[in-house]
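So, here's a batch of structures to check.
Okay, so chain A shows up in both of these, paired with chain B first and chain C after.
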Partner chain A sequence: MMASDSPLEIGSAFPRQDAVAKVLGREKFAADYYDQNPLWAGVKRAGIPHGRLKAIHTEAALTVPGVVCVLTHRDIRGSNRQGVVRKDQPVLVDSKVRHCGDPVALVVAETKEALERALRRIALDIKVLPAVSDILEALDAKSPRIHEDHENGNLLLHGTLEKGRVEQAFQECAHRVEAWFHLPWQEHAYLETEAGWAVLQKDGEVTLVASTQTPFRDRAEVADALGLDLHKVRIVAPFCGGAFGGKDGITVQSLLALAAIHCPGRAVKMWWDREESFIAGAKRHRAMIYYRAGATASGVLHALEAKLYYDTGAYDHLGGVVMALGLEHAGGPYRIPHSRIQAFSVYTNNPVSGAFRGFGVPQVNGALEQIMDMLAEAAGQAPVAFRRRHAVRRGDINAIGVTVQGSTGIQACLDTLVESASWKAMKAFKAREIPFKRRGVGIACVMHGMGYGPVVPDVAHAKIELQTSGQFCVFCGVVDMGQGNAATCLQIAGHILNQDMPRMALVLPDTQKTLPCGSSSASRTTYTYGNALIAAACALKKRILQYAGELWMVPDEKEVLLVPGAVRHLPSGREMALADLAKGLNPSERVATARFRAPVSREMPVKDPALRLHGIPHVIFSYGVHAAGVEVDTLTGQVQVKKYMAVSDCGRILNPQLIRQQIEGAIAQGIGYALQEAVIVERGVMKTKDFSTYILPCALDVPEMETAYVELEEDSGPFGMKGAGEVGMDGPLPAIGNAVADAIGARIFHYPLTPERVLAAMDPNEKTGQKG
Partner chain B sequence: MNRVHLPRSLEGAWEILDRVPEARVYAGGTDLFVKLQGEARSRAVLVCLERIRELRGIRDAGKHVWIGACTPYTEILSDPSVQEHFPVLSDAIRKLGSPLIRNMGTMGGNICTASPAGDTLPPLYILEATLEIRSHSNTRRIPVQDFILGPGQARLEPGEILSGIEIQKGHPYPVHFYEKVGQRQALAIAVVSLAVMMRLSEAGDIEAIRMAFGSVAPTVVRPLPIETQLAGAPLDEKTLREAGAMLQAHLFPIDDIRASARYRRRVSANILQRLRLRGKASMKDSHRFGP
Partner chain C sequence: MNISFHLNGRPVTVRVPSGKRVVDVLRQDLNLTGTKEACGSGECGACTILVEGRARLSCLMLAVQLKERHVVTIEGLASGGLLHPVQEAFVEYGAVQCGFCTPGMILAAVDLLKRNPLPSGEEIREAVSGNLCRCTGYARIVDAILAASRRMARGKKR
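On to the complex of A and B.
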């Protein structure tokens, strides 16, 4: 580990710079602001899944002492619509209620107690419509339409990718397998629920501090929805207390801005409680997935067909984009000559689904990697051998017809796994017999595309300043939601400028102070911003060295070196403190900025402009292979993950501590997804209202995890790195699913693998619900 | 907001309870506070008993051990008398909640909450614990199974509090077993739980046994006919399978978000099989430590 006063170096392991302040409780999250004795804002939610709004009775609420105002859609001057691709979500319901969590009226009050009293006194007159809660039922032409203005009824988006002659190819196969998989909604369950505060300043600017992954996009959405001037909205984004995609999109922002403009000069705070977060926050999409796969007599993977159905809930949110990423990843990191993959994103009256670490891929990979095991078994091959035989290499055409470019470490990951001591230990683990237990081992390959795809510009602008104190300040416009990218920014700049952590400063995203950087999402955060920051830091370094060289009248700046806090003239040993040097520069000379746009694929595997807009294809992928050893209790059906290893290809590693945290965190989240977590919704109504019924894994449910890396160089990445935020999420469910199948000799197609399902699957007399 | 009273003596508590008989009484608050949150901002007056010295501590009184109702679980776990005489209770407490919950929560609270899933209840049923109930003017004793009437219902009159739990020592059941089936390894509510105490013959047969199941009926189930039936039976697969079948008539489980009634029935029967391991382990122990 590196001491805090050593110059920062790429590749060294060191604790993130935000760790101490967070552990001591000093770091202020969006939920932590109370300074200005804020007003409290809250919303009355519809409480029914589908209906037509007739009237909102606010009179009784207005009589509650301490109530400042009660606002409805009539108080909104803008479009009253939010959304990233399709703007279909109202800030406050104006005509239709589309899910139980839809906000209908906004109350602002002096105290939380008055707010709650007033919210209870609002009466809604809603004509109830039949709720659409089943994915296939929603696609039925006779089903009620959730968005009357959407031309494809309840089908938000559909896409097909086709390659080769799939029907004929299946006839050529000697081995064929097929199955339907059912994947549940998953709750983000961040520690910090949706929160923020806003104030209307004297100059007419709305300052909004929010727990968000997308400050610049929020600014545009809030301005449009409320009819405000873009430059009169300022969004400040502190560290998030967790986000995982759930804050990729508007939560409290527009509501807070609306409240603030009706309460000039007063800070207004909104903070959803856990129950509200369950009802109104976005989820990982529930999915139904069909796969069919075939291999030739010699065991070569020959044909693949898939149908992916995602339940996006009441609004697009990012449902179309999530579907497209699933579609693109449905063939996995394999060479498959013939494939046809169809995907459907479907509106229902269920809670809204949106971005969640993995973004549509954990669902498809959960199914695909089990189909691969099923096919390998049918063809008489071991799971690892089958995957090594078909895993893509650079230059291959992948399963959806896209050339594999960039660093491609899936083969290297598989090699690393089978050569590891852990893999041998897993075999020994399985061989040991224990009364009333069955043990199994499973693996899963993963791949994950980075960035926004070919059309939406994946751009970041970096800014760095030499301050008169001699410190370098990085203006980071991309949010750190907990993954540690802010620390990595300082590391990148510190490495280039040869400075230690105390000489680095950081400005977190603020639409007024930092430059637009896009979202903290899509495994692109450090990749895109890091590349921009390298250019900015190098430009500033050059300027400093040139200036010092000119000041010292030396032949060229190569004789000058940056050292911590100073510049040094190498031939003479003379030094000048950076604080002194900075005083000789104009403010604009002390600042460097740079822009980076991520590379895009030049191939056209799909002509459909909608699919291209929604992100297909990507050009850079991270890879990995996960292995799980599980123990199943034959008396109770309980599954415990006892061993876990993940080998990842995320390019070169900048800080080994941070990537380990990313991969381990994803594994823990994936264990929950595989075994315990399920948002339960019945006819649009939330049944898992809090953490007493929504079961997250705890420390005892997560085993020691071993992580290993194949550090291939990604030429386009900052210092050779690729995204690491999501790829770890795609592996646990299928690795555990395969391990459980290995243990009990039966496969379960409904997730999570609750003890009840596992016990039933072990019972030869019970076949209900297992075939889907 | 709720008004909270924090009496430091029983006298102080009686004074408040006489004045506000409808006050809600609690100790650690680990159940009550969760419940209050669901009750649309209840304004109930709360009386916290955890600071009352007379309600805390563990006393080995020779023939029995007295555990103050407001003694936190962590303290009970570390008590040598409890460890020595009631391992089944220690086991259950070790699997209750989390270290934080065990620092706050109390056995008195677990009993008065009267949930069929209460982790300490199956052990207390088979240990045939007696509860000490006090009011301003009276003290009475009642067996735990007579005290609990149904989910959330206990035989506690206004003005009465549970002050202590008495457990007789010297039960002739050296082998203790506890299993909790929950949705995760900690911080879980029991889907099924089983507490057993038994005595085995030298041949490994069951000489005598007591058992109680949690979360499978409105109250903890102690199937006495099965206990009688098992006395003298070999501790083998067949015996326990038959016991599991007989057991079904005693169970009245519900379907809820955690598990189906069907699952609870099957698992209640299944986990009896685990007693064979416990039996084997105890035989090994007796060989190791025997003459």
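On to the complex of A and C.
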């Protein structure tokens, strides 16, 4: 590890610069704002899954001492609609209730206690409509419509990707397998629940501090929904206490801004408790997935068919885009000549689903990688050998008909896995017999596309300033939700400018101070902003060197070098402190900005403009292979992950410590997804409300993890890197599923693999069922 | 009601309802927001503080229970401008991501090391099993606590 005063260099394991304030308890998260003795805001939620709003009785609430105001849709001057693609979600319900968590009335009070009392006294008069909670039922033409204005009924979006002649290809197959998989909702369960703080300033600007991944998009959404001037809304985005996609999209923002504009001169705070976060926060989509795959007599993967059904809940949120990414990834990193993949994103009266690390891919990959094992077994091949035989290489046409471009390390990942000591250890682990335990090993390949796809501009603007103190300040407009991209920005700029950490400063996203950068999501955060920052830092460096060269009247700036805190004239050894140099520049000379737009695919595997808008196809992918060794207790059905290895191709590594954090953290979330996390919703009503019923992996549930990397250079990436935030999430569920199947000799198609399901699968008298 | 106790080495008196939760007293009345709240029901450990040196969940304690006690929050752990060895190890070993579980996790570790100065990895996992972290997967946290324990043991010998 490097000391904090050595110059920042790409590739070194620098401790994150934000860690110090965090271990001291000094980092101020959105939830930590109590500035100006704020009022408390909270919402009354519908509590029923489907209905028509008749009346809101607020009188009793208004009599509670300490209540400042009670607001409803009538107090909203703007569109009262928010959403990323389809603006279908009201800030406060004005006509229809579409899920239990729909906010109907907003209360602002002097204290939390008064707020709670007042919320209990609001009575809602809602005409109950039949709730639609089953995915297939929702698609039935006779089902009640959730959005009457949506032309396709309850079908939010669908898409088909087709290549070759699937039906005929299946005829040609000697080996065929098929199955339905059921993947559950997953709760983000970030430790910092949705939180924010807002105030209406004297000049009419609403300043909003929020735990968000998307400050710039929030600003536009809030302004539109509430009828405010865009430039009268300022969003400040501190470090998030976790987000994972759940803060990609509005949570508290519009409600807080609405409260603030009705309470001039007072700050307002909103902080959902855990139960509210379960009820109203977005989830990973529940999914039903059908796969059929076939191989020829010689064991060549020949045909694939898939049908993907995603339950997006009451609103689009990002449900269409999530579905499209799943659709695009449904063929995995394999050469498959014939494929047909259909995907459906379906409105229901269930809780809203949206972005969650992996973004639709953990579901499809969870199913696909198990189908690959099933097919390999049917064709008499080992899981690794079967994958090595079919894994894509650069220049191949992938399963959905798109040319594989950019660095492509899936083969190298597989090679690294089988040559590793961990893989041998895993086989030895399996070979050891223990009474009342069964052991198994499973693998899964992963791939994950980066960025927004071909249509939505994937753009970031970087800004860097040489301050008169001699420090370089990076204005980072893309949120750090915990992944450490802010620290990586400093490392990138420090590397270019040859500075150490104490000589770097950081401004976190703030729509007033930083430039628009898009979201912290889609594995694009460091890639897109990093590329912009490289250009900005290089421009500033050049300007500084030129200026120093001219000042010293040397023939050209190549004689001048930036060193920590100074510039040095190499032939003479003469130096000037950066603080002094900075004073000679005027303010605009000390600043450099740059813009970067991520490259897009020029191929058209699909003509459907809706699918292109929703992101198909991507052009840069990260890859990996995961291997899990599990132990199943034959008496209790408990599954323990004992061994884990992930080999990842995320391009070149800028900071080994940070990528390890990303991969390990994703594995832990994936272990929870595979084995223990289950959001229970009954006819649209959330039954899971706390961490005693939603069991997150604790330190005893996650094993030591081995991580290895295939550091191929991605030409388009900043210093050769590719996104690492999501790819690790796509592997654990199928690797563990395959390992459990290997251990008990039966496959389970409903997740998570709870002890009851495992016991039932082991019992020869009980059927696990192939169909849902 | 007036409640007097020792907070991070200094006597303090707060005027709060006796039934107010300690986590709220710390965060709202004393502006010590390093103590986090992530569940409010004793299930996550984010609100951990040290009371008489032992890790306690401040979301389950009432203000009146602080009376005459010695309390340490994350803000009071570093001394003389130096990080506590557990804090230092958390930074160095990459045990911090979003950082929202970090204060509670560190204080749980400090409590453990006081009772068991050289714990095994398994003992560490057991001891922090009530502290949830959604970001790290725990491996770096366990490593950091192990490293801190060794460093502290060496420091004592000297």
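Just so it is clear, the second predicted complex is superposed on the first by the 768 of 772 C-alpha atoms of A that agree within 3 Å, B and C clash if a C-alpha of one lies under 4 Å from a C-alpha of the other, contacts with A are read in each partner's own complex, and residues count from 1 in each chain.
Methods note: a residue touches a chain if its C-beta (ideal position, glycine included) is under 8 Å from a C-beta of that chain, and two chains touch if they have at least 3 such contacts.
All values reported here derive from a predicted model rather than from experimental measurement.
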Partner chain in contact with A:287 - chain B first, chain C second, else both or neither: neither
Partner chain(s) touched by A:740 [first = chain B, second = chain C, both, neither]: neither
Partner chain in contact with A:241 - chain B first, chain C second, else both or neither: second
Which superposed partner A:250 touches (first chain B, second chain C, both, neither): neither
If touched residues of chain A are counted for chain B and for chain C, the larger one: C
First, second, both or neither for A:28, with chain B first and chain C second: second
Touched partner set for A:692, first chain B, second chain C, both or neither: both
First, second, both or neither for A:759, with chain B first and chain C second: first
Partner chain(s) touched by A:700 [first = chain B, second = chain C, both, neither]: both
Set intersection of chain A contacts, chain C complex versus chain B complex: 692, 696-700
Chain A to chain B touching residues, read off their complex: 113, 116, 120, 435-436, 635-638, 640, 676, 680, 687-688, 692-693, 695-701, 754-756, 759
Residue numbers on chain B that touch chain A, as the complex places them: 1, 34, 40-41, 98, 181, 183-189, 191-192, 257-260, 263, 266-267, 270-271, 273-274, 276-277
Residue numbers on chain C that touch chain A, as the complex places them: 27-28, 31-41, 43-44, 46, 73-75, 77-78, 83, 87-88, 90-92, 94, 96-103, 106, 124-126, 128-142
Complex interface listing, chain A residues touching chain C: 1, 13, 15-16, 18-20, 22-29, 31-32, 34, 188-193, 239-244, 273-274, 481-484, 657-658, 660-661, 664-669, 690-692, 696-700, 702, 704-705
